[in-house]
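Below, chain A partners chain B and then partners chain C, in two separate complexes.
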Partner chain A sequence: MRVIGHVAVNVFKESVRDKVLYNLVVFAVLLMSASYLIGELTAGQDVKIIKDLGLASISVFGLAIAVFIGIGLVWKEVEKRSIYTLLAKPMRRQEFLLGKYCGLVLTLVINVAVMTAAYYAVLAYMQAMSPPNLRASWPAPATDPALLKAIALIMLELMLVTAIAVLFSTFSSPFLSAMLTTAVWVIGHFNQDLRDYGATIPSPLAAAIARGVYYVVPNFSAFDVKLQVVHAQAVPFSYIGLTTLYGFTYIALVLVGAVIIFSRRDFK
Partner chain B sequence: MDAIRTEALTKHYQVGFWRPRPYLALDGLTMEVGQGEIFGFLGPNGAGKTTTLKLLMQLIYPTSGRAEILGKPVGDVGVKRRIGYLPEQPYFYDYLTAEELLQYFAAIFGYPPAERRRRAAALLDEVGIGAERRLPLRKFSKGMLQRVGIAQALINDPEVVFLDEPMSGLDPLGRREIRQLILRLRDRGCTVFFSSHVLADAETLCSRVAILANARLVAAGRLTEMFAFEVRGWELVVSGLNEDVLARAQQCRHVIRATRLAEGRYALELPLAPPPERTLAELIATGAALVSLTPIRDTLEDFFVRQVSAGGSRPRLPESA
Partner chain C sequence: MKVHPAAWVVLVLLFAAVVGLQMIQAAQPPLRVPNGASTNVLYVSSPQVLGRAALSYRALAADIYWIRAVQHYGGTKLSKDPNKQYDVLYPLLDVTTSLDPYFDVVYKFGSVFLAEPYPGGAGRPDQAIALLEKGLRTRPEKWELAQGVGFVYYWWLADYQRAAMWFNRAADMPAAPDWLRPLAAVTLAQGGNRASSRVLWTEIARDGDADWLRRQATFRLEQLDALDGIDVIQRVVHQYRGRTGMWPASWSEMMRAGFLRGVPTDPTGVPFQLDPVTGQVTLDPSSSLNPLPAAQPTL
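The block that comes next holds the complex of A and B.
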């Protein structure tokens, strides 16, 4: 665990020095400009739109970091040969890989936490600036704590995307890893459709393939409760708990696969 | 217990995308390196030196055979605590400073923060990295990176250190400093295993060497046992030499070859007989002055060239291997 921690901190240090956290400034500027513009253009709907936009932005910014850093995590070390000195130190290959993964998750947690703080600050400002009669018409306050449920599931989704990116980066180039990770993410969002595909097409083979993909590719739509929380619909804690269990099981399986591939690899 | 031991260590790679075929990178390497010695691992480019080092560091896995370091199989985490490794043309995280890099590696060995700082500072002093230690490594020259590479290989005060082309990228001053450092390591009881194609370094430093050519071991042993250091002639450097006298000396084969040097000096290759003192006395009598007299011996380079030439071509593997 100690070694994993040191590797993880080094990954975080790299992302800070490579100016990855600059995206937070872009996020804050985007959210503040949007809140101002939308406030000028709409009447009464602006808080709902900002809630929606903010959650979508956290998701997109996080996804960009998870995919674009995740795909290079292992590849860059091998390509630049910095892995040679590191693996000669007293560490196992799985510790190196898990350290890399944890480091990127740490970067994402800090990013999402800062974005969440900025998001709530903008919403609190909008709440303070809105007249009482308008506030009374909202189905939930602007700074609704239920939004955190959506953010928690976004974070879980990002952790799963990171694990998938790391898996691909253990054996393929960054370009291919980015393509494959994005493909899995997109297919994962249409997972429900794959399950029901058999009922709409006559070919049993196509239906079996779709069902196979349904079982292998994680169901990313399960992590998306943005619409429900923005419209103040209840998202039970039991759902959050089960989805978390589902997410962590998938992450564990993907990382085990990554460790198996990485442990057998020759670094020529 | 040997510091390093390999038995029939072999590595094949598959090369080619559409029609993969086996390529023999190392063929049945068997050798032992005793503790506390400086062992030179020599061979031309592509002979299999780096492949061997990668197998010893378990960066690649052998096709067959086995390797041990300090009596334990390679890859054992306990063994990794006791060794150091400098890869060929090392590259490090360029966003870190030299100090941070060494402290990071020291942390992986489990040293507490104060000890990490102490070790990093002492080693950077030892390899001659001064105020630059607080600059990001992306600003370092090749030679400075090589020095940092050597420092990181010693962060745990290793019992066995593996250096892949340690003199690469260093200027003459740097090479001398690293040679002295290797000798200091030996004096502390550390086993130094270094690969090189610069034979002068091996000749100066090594107690034993192994020579690899075309993936195979072609010679191994003590330098003194592998070839005789017998004198096979003399090199005499003189000034003020009369050219008629030189012509006469060449005619009666007292001088085999004469090379004109700068400022009117000559380097003369003399045979073993007659003794050089006689030829020298004759030359001095005609007004020449002695600059130097050096014996000509068989060098490691001569031996190396003979062994590599006799090694033949790289064995080909059947397509199904």
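The block that comes next holds the complex of A and C.
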């Protein structure tokens, strides 16, 4: 466990050195400028749009970090030949891989936490600046704590994307890993269509295959409750709990697969 | 490698040339389009395709389409083009509400944009009703949407039977306000009247959703006040004729005769116009309250 911790901290320090956290500045500027401009562009609904924009930005920035850093985690060490030095140390391959994964998750957690703080600060400002009659027409306060439910599920989605990126990076090039990770993420959003495919095609075999794929491909649409929380629709804790269980189980599955592939890989 | 100094000069000259050419192009009159032809483009009009393409960012995509709808409506309304086209307004609102069916304000404001008579709006109350009914299919408990349908029938289509039916339907919904049921009864019994219109616009003016909608409601209330004012002054003009046997030539003549204490004005302060031949009292053409609602029922 200590070894995993050391590797994770090093990954985090490396991401700081690589100026990954600069995206936080971009996020803050985007949100602040948007909060000013939206009022000029639309007829009311500034807070709703800032809520949507903030949640989408947290997700997009996190995805970019998860995919583009995740795919290079193992590959960089192989490319620089530093993998030989690392694996010669008293460290098992699975500890190395899990350390890398945990380091990137730590980077993501800090990123998402800071973005969430900036997001709530902008919303609090908008709430303070809005007249009482306008606030009364909102379905929920600007700084509605329920938004955290969506952010928690975004974080879980990012952890799963990171695991998938790490899995692909154990056996393929960064370019291919990026393509495959993105493809899995996109297909994961079409999961409902795969399930309903049987109703539109005559072939029972094709329908059965589509249904099988539906159960196997990660269901990323399950992590998306952004629309519901912004409109103050109920997202029960039972749903969050089940989705969290599904997310962690899938992450475990992907990481075990990554460990098996990485353990069998020959670096000669 | 050192860059030749002439390269910098060429770079600056070319930059100046493209900016200059763009300025010349901007000063040219726009190319004409045939009358009735639309230059508005909606690249993707299928809500299903957009919903799939938006992945988990449907709400943000809906915001973008809503901003496009507002810009399209506002830009067209304010444009001086005699060939104004609101043809993509409904598709934009349809896509927005398909991407985010809970985006209540789109139904509410969108129906106003659509129902407003051309050229101030699309002049399509049928589309306004279709949009509100679409919202009701998603949110059958939203009394505001049912009241909106009733309002379109009442104000824009003068179909008081259907308006009363929709006001009643709204009144049956949870959290509906108390004023809806009497409004439905009055609408059914008397058709439209200014008191009912005033109730509807006052409720809209009280709503805190957007300044422009409150301004619109205030404007309509001032129009109703102007209609009331015209009725009152018209009665005084008739009294003058009853006593003198002729129509007054001017307001000052009526003031001298003791019928008025001052020049009667509309709520914006512009004097009413008096026709000395027919005795007809009307709004001055320069009044910002023009045109008054056609066939507005009397008190």
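The criterion applied here is as follows: the second predicted complex is superposed on the first by the 266 of 268 C-alpha atoms of A that agree within 3 Å, B and C clash if a C-alpha of one lies under 4 Å from a C-alpha of the other, contacts with A are read in each partner's own complex, and residues count from 1 in each chain.
We adopt the following convention: a contact is a pair of C-beta atoms (placed from the backbone, for glycine too) under 8 Å apart; a residue touches a chain by one contact, two chains touch by 3 or more.
Here the structure is a predicted model, which is why all the values come from computation and not from measurement.
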When chain B and chain C are modelled together on chain A, clash or fit: fit
Partner chain in contact with A:13 - chain B first, chain C second, else both or neither: first
Which of chain B and chain C A:221 touches, first, second, both or neither: second
Partner chain(s) touched by A:151 [first = chain B, second = chain C, both, neither]: neither
Partner chain in contact with A:163 - chain B first, chain C second, else both or neither: neither
Contacts of A:52 with chain B and chain C, given as first, second, both or neither: second
Partner chain in contact with A:89 - chain B first, chain C second, else both or neither: first
Angle, in degrees and to the nearest 10, that opens at chain A between the C-alpha centres of chain B and chain C: 150
First, second, both or neither for A:80, with chain B first and chain C second: first
Which partner, chain B or chain C, touches more chain A residues: C
Smallest separation in angstrom, by C-alpha atoms, between chain B and chain C in the superposition: 25
Overlapping contact positions on chain A, where the chain C interface meets the chain B interface: none
Chain C residues touching chain A - in the complex, by the definition given at the top: 52, 55-60, 62-63, 66-67, 70-71, 100, 102-103, 105, 109, 207-213
Touching residues on chain A, where the partner in the complex is chain C: 38, 41-45, 48-49, 52-53, 55-56, 59-60, 131, 133-137, 186, 189-190, 193, 220-221, 223-224, 226-227, 230-231, 233
Chain B residues within the chain A interface of the complex: 13, 54, 57-61, 77-78, 80-81, 83-87, 89-93, 95-96, 104-105, 107-110, 149, 152-153
Touch list for chain A against partner chain B, complex: 2-3, 6-7, 10, 13-14, 17-18, 80-92, 264, 266-268
